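Both of the next two complexes hold subunit A, though its partner changes from subunit B to subunit C.
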Partner chain A sequence: MRLAANARVVAALGRRSVKQTFRRPQFLAPILLFPSLLLAVNTGGAGRATEIPGFPEVAGFLDFELAGAMLQSTMLVGVSGGIALALDIEIGFLDRLVAAPISRSAMVLGRLAATAALGVVVATWFVALGLVFGARVEAGVAGVALIFVLVSLSAMAFGGLGAALALAAGRASVVQGIFPLVFVILFLSSAFFPRELMLEPAATVALYNPLSLIAEGIRAPVIAGISAGSLLEGLFGIAVVGGLGFALSALALRRRLRTG
Partner chain B sequence: MPAAIETHALARSFKGDVVAVAGIDLEVAEGEIYAFLGPNGAGKTTTVRMLTTLLAPTGGRASVAGHDVAGEADAVRRSIGVALQEAALDPLMTGRELMLLQATLHALPRAEGRRRAEALLERVDLADAADRRVGTYSGGMRRRLDLASALVHEPAVLFLDEPTTGLDPVSRLTIWEEVQKLNDAGTTVFLTTQYLEEADRLADRVGIIDRGTMAAEDTPAALKAGIRDPRLELTIADGGADRARDVLTRFGEVAPAADGRVSVSLGGGRGQVAAIVRALDDAGLMMDSLDVVEPTLDDVFVAKTGRGLDDQRAREQEQRERSGDEQLVVEPARQ
Partner chain C sequence: MSGRIATVRALAFRGLNEVVRVPGAAIPSLLAPTIFLLGFVSMFGNLTELPGFTSDDFVSFVLPVMMLQGAGFTGAATGVNLARDIEQGWFDRLLASPAPRPVLLAGMIASASVRALLPTSVLLVVAFAIGADYPGVVGLLVALVFVAAFAALAAAWGIVLALRFKTQSAAPLMQAGTFMAVMFTTSYAPLELLTGWLRAVATVNPVTRVIEAVRQGFVTGEVSWALTWPGLVAVAGLGAVLVALALRGMARSGR
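For the complex of A and B:
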């Protein structure tokens, strides 16, 4: 009973958050646009990178870059979710939730349900974009399905980080200012360039960077095919980011509720 | 009958030795309208936030609807409706969406939630605007929506933090009537206000809070009676003022009043007026006008806090200006 009621609350809050994103197009546009532009610049300018000896076997550079673009996009989903939550705190909307008889975690889970849903939008956009511009998903329909799952989980994981930041700072401007730092970590991963071709120390950093695992997990179905190894690695990377996000969110939420 | 709200030495301090609420004892009976009256920074919002489980007390205890705010927060939340000072509305949602969300938060069955949302929107006169985004609402509409959203689950105790600050007189009246109706139907209402008129008009009892402590508490009438007697103010026709003063001294303490008038205290109540008029008549004195002046809550406020309300007026003006601004970023979050 209680579980069902909570599920309903999470769904309702998730729906609200998704609608909110679509009603704030200035937040939605960058989520898809920036990674798309970067993707265009990368593939247009560095398309011959695939000819470098040692570059993984791919049908085209776009095929390779697609995963990086999706990963970056899910990070932006996390930023925008964090900003939205911080705005909720600023306008007092979170108080409305706190004063209601709902479980504390439902307040954050509702947000994360929305980021997961936006992950589906991201995956749809980039898979379609890829197919239109000549990329192909080696693993076929099952591969596409897997991409959707991974991208949406990844969005949820970054949503957790965004939420943690929002709950800790309570201000949209802080989330907006700090979160982009995570992009530094993105460029220290194999999201846009194969690890095999990196110089030290970047290669080592990328090796232990969970974002590399996520990128490679999403990339495998595109350029190679479904493999248990890369799938598990991808899930592990997501679990690392998500676990960190959830733990920090829980901590920040507890602190916020205690101090008012 | 159990108290709807009960506090004992309720206190809250913040980092940096800020004592917002310094130990308050309250007892609000079921079915009562209780007004918390106080100047800026008196601790009104902090008290409301503690009573509505939004903020943990740092001292004392409080119970609402028979449940402890700290230990049984969920039971408290089920019993209360809350409309906070800065109507906590999402400008991107429509009025109807907010009402339905609120129904879900209180676990109402879907059909029941929809029915109550419609009825309440109708009741606060927002049915026509229900599908518009809240961002396009006026200040009065927002307040009404906020109030309606606090009622979806038919709470036993309703908390309103400055429900009419910044509203025009007509909107204010609408809210007052609504609050009165709710109370007539049995809802206990705890409201904070900076408007003496609001407290005077709505409240069964008024608590005056100043610097985190209770300066006075009683019915509006008793508070007013407690500070001084009503006075009779007179305008005496040409040349008779001095002689009139001699006559009036027999009835009470005489003092000059505004516009060259003279006033006398009515220690024996309004019944003295007839005798005073007769005495003046016997002395051959003519009056141009006469008024009985009761003390106002304003006077009570000054007597109890040692401060006037001018600083408040400035703030109201500022709030009105601010509520006209873009609603997205209302105020920096409180840490």
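For the complex of A and C:
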């Protein structure tokens, strides 16, 4: 009974968050627009990179870049979710939720359910964009399904980090300020270029960056096919980011409730 | 005349004040070009290995792009700030003042040109630290003039959109416009190495001429009139169109 009630709360808060995102174009536009533009520029400007010795076998540079664009987009989903949560804190909505007879975890999970749903939107957008402009998913329909799962889980994991930031800071402007950091972490991974061909010290950082694992997990079905190794690497990367996000969220929420 | 200059100066200082008073809002546009520079160099640095690449130093090749990108985002921020002023009613009070519209526009644009030198300074320090070639005094001056001019263009673009949509929600459109203008050029590679559609777009995009004018000093160590005048023509042409549109928008706002 309690589980069903919590599920209803999570669903209601998730629906509210999704509606909030679609109602405010300033939230949605950066999530899809900027990664799409960067994808277009990367593909057109660095498309000949596939001719560099050591570049993995790919049908085209767009095939290689799709994973990076999806990853960037899911990170922006996380930041956007964090901003929305911080706005909820600023207007007192979170305080009203705290006063309601619902579990604390349902409040954060509701927000994360919305980021997972936005992850599906991201995957749909970029897979469609890729197919329209000539990319090919080597693993076929099963590969597309796998991409959807990995992208949704990634969005949820980054949503956890965004929520942690929002709960710790309590101000949308502070979460917004984290925006450039998204690019730092992303550029220091193999999201947009093979790690072996990156310059040092970025190549070494990319080796230990969990985002590289996630990017390669999402990329494998596009350029090679489904492999257990890549899938497990991707899931491990998501688990690292998600675990960190959830732990920090729990700590930040506990501190916020204690200090008011 | 002195009254008009004072108005331009006051509006320009108001724009600069925002950097000091709301540093949190300024930090992303201050750091973003530098982050992009480091990221692009790390990722795409090996593009210089491609046959036909006109430079063996990717930092120097891509630095001008990031300088203009920083100027573009700074200019777009002027549009966002104007949209906020419109939302809060401050701009209506400005329009009711006896200051002529072109003077008001000049003040906003001037603030963008000066502010653009902040991210550029950070960018140059980092770029020289990681090995960008020094373009010489003339090359650096030419680059800075084009950066300030491009910030003015981006500000005019942002102002046109702010006056049209009258909401800060138009911010992504302002930023996306400048982003595309700068990146859909020879930003990553020489024209001959660009693929398909991007080569076609970069060929007709006037901002390509601006990038080549800024880039010349960093890549060749020399400044030539042959690479400078197309950039000046591009800036003048874009400026004439955007300022005319902005003035039309201001005239309509007052009705």
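FYI, the second predicted complex is superposed on the first by the 259 of 260 C-alpha atoms of A that agree within 3 Å, B and C clash if a C-alpha of one lies under 4 Å from a C-alpha of the other, contacts with A are read in each partner's own complex, and residues count from 1 in each chain.
Going forward, a contact is a pair of C-beta atoms (placed from the backbone, for glycine too) under 8 Å apart; a residue touches a chain by one contact, two chains touch by 3 or more.
Treat the numbers as computed from the prediction; the structure is a model and nothing was measured.
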Label the relationship between subunit B and subunit C on subunit A in the superposed model as either fit or clash. fit
Just to be sure I read the superposition right, which of the two partners does A:Ala29 touch: subunit B = first, subunit C = second, or both, or neither? second
After the superposition on A, what does A:Leu87 contact: first (subunit B), second (subunit C), both or neither? first
When the two structures are overlaid on chain A, which partner does A:Leu199 contact: first (subunit B), second (subunit C), both, or neither? second
Degrees between the directions from subunit A toward subunit B and toward subunit C, using C-alpha centres, nearest 10: 90
Using the touch definition from the top, say if A:Val9 reaches subunit B (first), subunit C (second), both or neither. first
A:Phe187 in the overlay: touching subunit B, subunit C, both, or neither? Say first, second, both or neither. second
With chain A overlaid, the minimum CA to CA distance between subunit B and subunit C in angstrom is 8
Common ground on subunit A, meaning residues reached by subunit C in one complex and by subunit B in the other: 24
Which of the residues in subunit B come into contact with subunit A in the complex? 49, 52-56, 74, 77-78, 80, 82, 84, 86-93, 97, 100-102, 104-107, 133, 149, 327-335
Under the touch definition given earlier, write down the residues of subunit C that touch subunit A in their complex. 24-25, 27-28, 31-32, 35-36, 38-47, 49-50, 168-169, 171-173, 176, 179-180, 183-184, 187-189, 193-199, 201
In the complex, subunit A touches subunit C at residues 24-26, 29-30, 33-34, 37-38, 40-49, 51-53, 61, 173-174, 176-177, 179-180, 183-184, 186-188, 192-193, 197-199, 202-203
Residues of subunit A touching subunit B in their complex? 5, 8-9, 12-13, 16, 19-20, 23-24, 86-93, 95-102, 170-172, 257-260
